[in-house]
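The two complexes that follow have chain A in common; it is paired with chain B in the first and with chain C in the second.
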Partner chain A sequence: MGASTIRRTAAVAAVLLAATACGGRGDDGGGTAASGACKGQQTTGITDKSIKLGGIYPLSGPASAYGDIPKGIKAYFDYVNAEQNGIGGRKVEFLVRDDGYQPPKAVEEARRLVEQEQVFALFQTLGTPSTAATWDYTNQRKVPQVFVATGASLWGTDTRHPWTIGWQPNYVSEARVYARYLKTDRPAAKVAVLYQNDDFGKDLLGGFKKAIAGSGVKVVAEQSYEVSDPSIDPQMRNLAGSKADVFLNVTTPKFGSQALAADARNTDWNPLHIVNNVAASRTVLQPVGFKNVQGVVSATYYKDPTDPQWNDDAEMRLYRAKMKQYAPGADPNIPYHAFGWAVASSFHKAMQAAKCPTREGLRDSVRNLNNVQVDMLLPGVTLQTGPDDGFPIESMQLMRFKGERWELFGNVIDTRKEFGPLTD
Partner chain B sequence: MAGFAQQVVEGMGAGAIYAGLALALVLIHRFTGIVNFAQGELAMFSTYVAWQFMDAGLPFWAALAITLTVSFTGGMLIERVVIRPVEGAPELTMVIVTVGLFIFVNAAAGWIWSFLIKDFPNPFPDGALRAGGVAVGYPTLGILAVVGLVMGLLYLLFRHTGIGLGMRAVAADPDSARLVGIRVGRTLALGWGLAATVGAVSGVLVAPLLFLEPNMMGGVLIYAFAAATLGGFDSPAGAVVGGLVVGVAETLAGAYVDVVGSDLKIGVPLVIILVVLLLRPQGLFGRATVERA
Partner chain C sequence: MSETANTANTASTANEAAAEPAEVQAPGRDASGEPGSWGARLRDAAVERWRPIALAALLLAACYAPFQLVPFRVFQLTMVLVYAVALLGLNLLVGHAGQISLGHGAFFAVGAYAAALMLDRWDVPYLLTLPVAAAVAFVLGLGLGVPAVRLHGLYLALVTLSIAVFLVPLLKRFESVTGGSMGLTLTKPAPPAWTGLAEDQWLYFLALAVAVAAFLLARNLLRSRVGRALHAVRDNEAAAEVMGVRLPFYKTLAFAWSAMFAGAAGCVYTWVIGFVSPDSFPVTLSITLLAGIVVGGLGSLSGPLLGGLFVMFVPSWSQDINKAAPGVIFGLLIIAVMYVAPTGLAGLAGRAAGRIRRTLRRE
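On to the complex of A and B.
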């Protein structure tokens, strides 16, 4: 006992310390910036000539339709690498991983991207569950997780995860757009709501109720469903009984189709049907039959490649030409490709504006976007963030289904201006 | 009152959907003595086959006829390839195998046809029959009629044919059945084939209402299990009555019991399964198995 034990313990501790120090260096690879104002900041995954990004998407499984998004992103980066010498001289390497829409797999892929591939940042994780599963990890490791592809308002209202930020309009903003539309166009509207009984459905419904508070617009009936329910017909029956004159359809694709079909079948109840953006794609409407969904209203924020009004739009023409060149197998008419293109060019602008070519630089840059214009977004929709505003896009425009496609109407609604900042 | 009657009718519409699949569960249980967790997925796959033929331009009824044939053959083939190697294995093994089949068929359908939803034509006319303030959709009436017909055919098969007798012998005691000259293997294959065919009918019936996608039958299966448990796993009439009771109970609980509401609706079939297993394990119409000591 005594001195020898202490000496031995000290020796073991020293060995352990050395080991962890080595491990630490090995893990972080790139190390830190040497000089200037950026001194001490992380430069893992970025050099003067390259920048390495990782994205996690459901390339397989039930949500695999979203797997088209990274194709649009890749085409954009390939185009920028080949024709513009990358982002500020840095060629972008974009690694895509498949999580099958399963949060545990997303965590595993995030670790592999950060620790083995040594990526500079996670550029998009898709889906609220996968993002919520990974953001503790990325924030612990101080790795930027930028422009996540989910509309949960949590990414912007939370203050403990500064390295994670969303991109698309959050569900509360979307709800505010519908609320504003009803308050102006149907000030005495009685609204029936069908919503998915999870964070997504409650986020949108909660935002909607707050946004109509104090106005003549009232929610007179609400029904929820579980994703495991075979059918939402009983819910639709109960909602029809409310005799509401507006129906707000807050659903994911399959249930969106079912609700649209149930509304079309019921000729006794003909409310104004508002379907949320998540279920507003043509792949949801087509199975119902276009003749059954005429006049349905929704909201959007980026240009739809199938909308003929963008045929002569410079960005749309560039998109079509470069998709053909760099993603020859992909159909440019699929909106998810255009979504990928839009988010990739948003990243381009944010990275360019970063004061330091470091992880900290990107983190600060995405939170300091000042009216940044991205040409694939609708005219009037810009990226805007600040110290107390973690939501890049909060403007949307309404659209109405006519013939075989959506038609935009009204002006772009800036929910930030209309309703003030979103804080909780 | 009309509101209540309407809720009952809605519940019967949902119940008929569950009853269709429950009939397939009962059928395979009567033939082989197993509970097939993959029954719903096989029905979904058959529905995709029908969709594929219609997409190629065949009329509905022709596509249906081909689909039923394909399903029958496919069911027999699955018995031969997947089930035969583990024939006579403990129940747990059979459960694992059918669960594996469930996952495989689901993934295969997603791989072949993608997870995007597809519309499926409705063989029954749109519109509804109205009487006394209650509207019953023709599709609902159609489903009820077809389910009733299938139930009747199964009753005849079980009670009044040699196959039915042989199959009851096989399910009761395969070894003795073999000793008295019953072709056990062929009977089991026939069971799988017929169950797949009945499943295909239920899939084709529900697809116009639920929209076709690989997870279409997942939710239905839980309710079908509740229906079969309630009615008795060996009684076609029990499956249909069980399905209707589950559908009506679920709808009424969702509409009138505030605590339940839409949130807990899914719990209703599970409560039914539990209560039935506690009070009358053989189900309302089932016969208790007697085991000799």
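On to the complex of A and C.
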């Protein structure tokens, strides 16, 4: 076997040598710097005419439903490039890479985008694990990693990674919205909680418990499940036994509809049902039957394209028209597309506001957003960050399911004002 | 599954057997007194020297590459070496002992987490994490090797698959130890000042050293009586037992060794990526590893390296070909490779080398 092994190894050597010939080590020093007022700052990936961004999403694998987000983003940038001459005269080139929701792949793709493609910034990495795996690298290289698509509170509370920032309301803020609602509307509520046993579920539950501390609202029962569980029926039976009068449903879509259905089936236990934003889309409620989910409460922050109340909204009409024009294969009714549209227009505003067209300029700009309005967000929800505040969106509005759609009620709740800044 | 593996093995053995006599013939011809010309002798000598020359070239290229390539490419090659070490272990089990494992990602994860915990909790010097991680995986492999003694084929495949399946929720459950689904972020080993190397180059050389050591270990293991016993078990269990091979002993040991290699690979993985989380080790990792070794070439020593290249590069190439469905392209490529090269890429390379050599001789 020895001889033939070595010969095969030689074939490998040839492959390796061929790969070696691809370029010199010196190629990496391709970073460029600005002159003038922004002297010395990095201008890699940005010129007077163009700006290159890279995003990492799970286009394959178990979380591939999120692969719709970059389609909305692409449609927005294509529209801005074609009809508004890009962002301040710079045409946006948006590269999308697939990590299959696997952290090691995300690291590889981040390095590819930064070192090989020489992008100006990473515009969105999706998921908590993929973002946690890449943020040490981006901060070491001083590459902005802006508006990451995960609601973990870590991105805003951490102080050692100034180049990374989130966008959507973090799970703690969402929990605060529900806590505020219960404290004012049902000050003596007894709450039963079903939560997913991971960072998402624990972040939300922890935030909720902290927010109700010292009030009459009490958590009387909590049950967790794993993403791999086939059903949450046993947990629901245990929770029903607690006789709580509020049920907080902290789940992802599949389990969200199971919990809604289980609650509807059980006629002996009729708590006020609060379902978290992740599982509140109409596609989750539909299989349960709209008549079974009347009065369910949730919270949101951006305009749902399936909600008829936005039919005449200017931004929604623009979104529908441009999606049809620039992403003809994509269904504009999918909320992930609208999410992509909203986050892309947020980037547009942040980049426009940057004092210097540099990586440092973008880093400072996303941390200095002052009540920036993004039309795809609910009226009253604005982007707001500062030196001590790394969370762009911390406001949400409550909604109640009525007839065949969600109805917003009450005012937009700004959790910063209600509970103070989020620090840990 | 195991039957296919066995067929592939037999095929590769047959292929090697076909190649060997050709080699023995050359000196035989000379000994029989045939007046071989000087040219022919020189050529034969060159063909014989082919092995050390090729090996030296490979090592030279491996040492030269990090000074020539951009850090991103160096990182990719480092990951190839990590996967190669893991595949080396899997090759020992599947290719040489004829057992099946659909749960090798779990051993990889155990090594990675063992190293991560040591670095995170006790600030153990990172070089020390390697033997410990390998030992932990070895012991676990020994324990899980016990079912392998009684189970065959599909049943063994299912048991090992279940290990890979329950690992992720298990890691999420013990949050206080494993950091839950947020995972553990670690500082990467910094290159010592005297080397003058960049971080990516240092990590690459660490991985290279581990890979070379692992290859030497596997090679020596297979040349010993252990290797012969494993081959006997693979080819015919009854015959092996009759010849005095203790089946339970060798089967369990094959599992343990194979887990040890995977654990060592997991440890290097932790050094290189600096982050572990349950989502880093999904069930698909185990399946990808198995696909990697089958494509690379079961039962050959270069198979793991070729498999590592395949696992690392082909998914991103297929993404470049078609953004919408990279998985489909990846699957089609596996099918294509299996069709063109039933003995894996290593078998293909071996056949190509054999053909070239025969053409040279015949001339």
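FYI, the second predicted complex is superposed on the first by the 392 of 424 C-alpha atoms of A that agree within 3 Å, B and C clash if a C-alpha of one lies under 4 Å from a C-alpha of the other, contacts with A are read in each partner's own complex, and residues count from 1 in each chain.
Note that a contact is a pair of C-beta atoms (placed from the backbone, for glycine too) under 8 Å apart; a residue touches a chain by one contact, two chains touch by 3 or more.
From a predicted model like this one, the values you see are computed outputs, not experimental measurements.
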{"item": "Which of chain B and chain C A:96 touches, first, second, both or neither", "value": "second"}
{"item": "First (chain B), second (chain C), both or neither touched by A:206", "value": "neither"}
{"item": "Partner chain in contact with A:410 - chain B first, chain C second, else both or neither", "value": "neither"}
{"item": "Contacts of A:197 with chain B and chain C, given as first, second, both or neither", "value": "both"}
{"item": "Contacts of A:226 with chain B and chain C, given as first, second, both or neither", "value": "both"}
{"item": "Partner chain in contact with A:61 - chain B first, chain C second, else both or neither", "value": "both"}
{"item": "Superposed model, chain A: greater residue contact from chain B or chain C", "value": "C"}
{"item": "First, second, both or neither for A:265, with chain B first and chain C second", "value": "first"}
{"item": "Contacts of A:162 with chain B and chain C, given as first, second, both or neither", "value": "neither"}
{"item": "Doubly contacted chain A residues - partners chain C and chain B", "value": "60-62, 197, 226, 228"}
{"item": "Complex interface listing, chain B residues touching chain A", "value": "3, 6-7, 10-11, 13-14, 17, 110, 114-119, 126, 137, 206, 209-211, 213-216, 218-220, 222-223, 250-251, 254-255, 261-263, 265-266"}
{"item": "Residues on chain A engaged by chain B in the complex (per definition of touch)", "value": "60-65, 197, 223-226, 228-231, 233-235, 237-238, 241, 253-254, 257-258, 261, 265, 283-284, 286-289"}
{"item": "Residues of chain C that touch chain A when the two form their complex", "value": "16, 19-20, 23, 50-52, 54-55, 57-58, 61-62, 64-65, 67-73, 75-77, 79, 165, 168-169, 172-173, 175, 180-183, 185, 269, 273-275, 277, 279-280, 282, 284-285, 297, 300-302, 305-306, 309, 315-316, 319, 323-327, 346, 349-350, 352-354"}
{"item": "Residues on chain A engaged by chain C in the complex (per definition of touch)", "value": "1-13, 15-17, 19-20, 22-25, 27-28, 59-62, 96-98, 100-105, 107-109, 111-112, 114-116, 127-129, 132-133, 136, 152, 154, 197-199, 202, 226-228"}
